[in-house]
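Note that chain A is present in both complexes that follow, paired respectively with chain B and with chain C.
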Partner chain A sequence: MPEYALVAEHFNLYYGEFHALKDLNLSVRKNTVTALIGPSGCGKSTLLRSFNRMNDLIQGVRTEGAIYFEGKDITKDDVNLVQLRQKVGMVFQRPNPFPLSIRDNITFGPRVMGEKKRSVLDGIVEDSLKRVGLWEALKDDLNKNALALSDEQQQRLCIARLLAVKPEIVLMDEPCSALDPIATLRIEELMLELKRKFTVVVVTHNMQQAARVSDETGLMYLGELIEFDKTKKIFTNPSEKITEDYVTGKFG
Partner chain B sequence: MPATAADIRKKEKIIQRVFLIIAFSSLFSLFLIALFIFIEGFPMIMKVGLKDFLLSTRWSPTRGHYGIFAMIVSSFWVTIGALLFGGPLGLMCSIFLVEFASARWRAIIKPALELLAGIPSVVYGFLGVVYLVPLVRDYLGGPGLSLLTSCIILGIMILPTVISISVDALVAVPNSYREAAFSLGGTRWQTTYMVTVHAAKSGIITALVLGMGRAVGETMAVIMISGNALKIPTSILDPIRTMTSNIALEMGYASGMHRQALFATGIVLFFFVMALNTIATLFARRKAIK
Partner chain C sequence: MTPKRAEHIALGLMVSGAFLALAILLFIIAVIMIKGLPHVTLRFLLDNPMDMGRAGGIFSTIVSTIYLLVVSLIIAIPLGVGTAIYLTEYTVEGKVTKIIRFGTECLAGVPSIILGLFGFILFVVKMGFSWCVLSGGISLAIMILPVIIRTSEEAIKAVPQSYRDVNEVLGGSKWQGVIRLVLPNAAPGILTGIILSVGRGIGETAVVIFTLGTSLRTPFSIFDSGRSMAVHFYILAQEGISMKNAYATAAVLVFSILIINIFSYYMMHRFVKGRT
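Up next is the complex of A and B:
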């Protein structure tokens, strides 16, 4: 299945007794934007965080089934989490740059991988900032504290910080929910650009956003994946009643 | 009883006043202490001269020499030394508690550390004399009652202060920083020293500075283990006499100018501690603004 970046098979996740994700099957195509939509608490963020094992930080989480990435089941115990997280990176809901300089934010990933050479790190900083469209604005302020940037710039910086570790997949958990509409549009443009080199999976509350940026969309409801198909089909001619009700705004 | 809005407002105002007075009473006692040591000590400084008082090493009050320079130097070194022992230990301990320890370990260690703060300083001094002093004397030489011994014991004594404040600082670091660091492939340790400690920097500095304040003010334990020799230490194995121990040792029989000189030493200590607290507050505030 070389055209798929991530494949989930009969994937279940439990928070203690609570069955949060129920028998999920889906395949994320490479170099596309896949959107996960659904009402709050439906498990879309939990699924996203299963792709890079961020749920491991929560106590009492247990999974069944498999998620394949590069042919390997990443739910198993023998997975190298450090490598996995570098290949499957994540952008969070609220911009969360470290309270360090812009440069140190971007070089964090390369530095934890052991890169020490100043010239290499400088190259990565420039390259990453260029990709997210921040280089021109920030190239003279690389030592400035990242917390002094605007929300949108902070979120772009977080994306740049992620690109610096050369991921295969970029997971985005409602990346625009803290941004104004104009900044949101610009981040969406960035997503479309990113999919040329990376595979993007985005969780969003905003259905219009899913319609604008994604190639495929999955609708989740109460821990189940109700429907997963081409975005156009989901929004114009869904197969399931729940999907239709959700995308037409009858609930959620 | 009619409880009109006006009545309630009146009552609230009375209660507010009462609490204000109570709050001020503690401030007032601070003011009295300051006033008292200044009245007692300041004229003496004027008479001897600030330079002869602060920068002379000759302290023999019966012959009219009131130089406390040796004690200032001793207090300074013992404070720095306590920080060198207690600072890293306390910081590591709080990092362990916040970032690595399981809830069960935390439940055991935290109350134990609070207990450490409750042990009277005379007990620390006693343990120092009985166990540490012979060790230092036998293995490193010198009288054992020394700068080194004092630094080690004081280093332990400042642990509760350093740990509790730096634990608070580390706990206050938003989890989103840690999440971001993990998601970039950072290990727990890399995350801690590259991100979390930086984010908690101002709180940690506050913890260290307040620990120094605690060390410079400690008296009883230092009297017991420092040897109390009146000279500028030239090695860490030399005995020392700090400002606080000098006050405590001589206050019992001092009179006249001698007594005033001890109060004047109190003024110096007062400024010492005030400077440290101001630094701590500045760092704490810098964080709050951010």
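Up next is the complex of A and C:
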């Protein structure tokens, strides 16, 4: 299955007693944008966090089934988490740059992985900022504190910080929920740009956003994946009644 | 009595209590400064005590005090900050953390005279260090450890969780996150705790007199005995050697403590402001 970046098979997740994800099966195609939609509390973030094992930080989490990445089941105990997270990166809901300079934000990842050479790090800074469209605006201000940037720039910087560790998959959990509509549109353009080199999985509660950016969409409801298909089909001709009700705004 | 009236009376009592406390503080400071400051000269600060403190200055006791504080901080900071990191970053709330926390609370509650005796028996006698900067430093470190642990823990907890999450996402180990993100961002808070404990250590007599000793010579090695300013004041006053020099010493002591407390107050405010 080389054309798939992530494949979940009969994947279940429990927060203690609570069964949060129920028998999920889905395949995320490489170099696409996949959107996960659904009412809040249905398990979108939980699923996203399962793709790079960020749920490990939470006590009492247990999983069943498998999620394959590069042919390996990443839910197994012997997975190298540092490697996994380097390859399957995540952008959070609120822009959360470190209170450091723009440069130090971007070089943080490469440096924890042992890169010390100034020339290499400078190259990474330039490359990452170019990819998120910040290079022209910030190239003379690399020592400025990242917290001085606008919300949109901060979120772009967070994406650049992630790209600096050369991931293959970029997970985004409602990356625009703290941004204004114009910034949101521009981040969406960025997602489309990113899928040429990376695989993007984006959680959103904004259905227009899912329709605009994604190639495939999954609708989740109460921990189940109700339907997973081409975005066009989900929004124009869904197979399930719940999907239709949700995308037409009857609930959620 | 109507609730309103009760409220007025309670408020009145509380306000007068607060003003009384402030008045007492100002009174103490005023008395000590008025009686002591006129005798505090540069010579007094830079001359060694002579004739058991009847004459001369307090130079060797200033050196002893600083030396003692430095040694105790060198011991207490790594231990205290390390404990705080362990409690906040490496454990989940449970039995173990409860026991450690309870232990530090108890340690904070041990009267300092008991700590002094403990230090005397263990370091001075049993381990044979005799009265010296090392014995005093370790004993004082034990005394300030709870303050450092507590303040460091608060400071570390105040570092946003998202920094740790992002560190994790970028492939950083827990320890890298601690070194590169948690500690730098907790530093002002930790520093506040350290300054607070310096303020406590500088005025401590009970622990110090039993462990550092009372020698008026300037200590060089950590195995030399010494006499801290607080102990010097205590002995001068207690044995009626020189009230004039006792007050002068007290004035220097109170002045240092005031400066330290004002500084830590200022640090704390900057820390709180930086967080919001």
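To be clear about the criterion, the second predicted complex is superposed on the first by the 252 of 252 C-alpha atoms of A that agree within 3 Å, B and C clash if a C-alpha of one lies under 4 Å from a C-alpha of the other, contacts with A are read in each partner's own complex, and residues count from 1 in each chain.
Criterion: a residue touches a chain if its C-beta (ideal position, glycine included) is under 8 Å from a C-beta of that chain, and two chains touch if they have at least 3 such contacts.
Note that the structure is predicted; figures quoted are calculated from it, not measured.
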Clash or fit (per the criteria above) of chain B with chain C on chain A: clash
First (chain B), second (chain C), both or neither touched by A:V247: neither
Contacts of A:L57 with chain B and chain C, given as first, second, both or neither: both
Touched partner set for A:L121, first chain B, second chain C, both or neither: neither
Which superposed partner A:F92 touches (first chain B, second chain C, both, neither): both
Contacts of A:V165 with chain B and chain C, given as first, second, both or neither: both
Touching both chain B and chain C, residues of chain A: 52, 54, 57, 82-83, 85-86, 89-90, 92, 94, 96, 98-99, 108-109, 112-113, 158, 161-162, 165
Contact footprint of chain A on chain B as seen in their complex: 174, 176-177, 179-187, 190, 194-195, 198-199, 290
Of chain A, residues touching chain B in the complex: 52, 54, 57, 82-83, 85-86, 89-90, 92, 94, 96-100, 108-109, 111-113, 147, 158, 161-162, 165
Chain C-touching residues of chain A, taken from the complex the two chains share: 52, 54, 57, 59, 82-83, 85-86, 89-90, 92, 94, 96, 98-99, 108-109, 112-113, 158, 161-162, 165
Partner chain A, residues of chain C touching it in the complex: 92, 160, 162-163, 165-173, 176, 180-181, 185
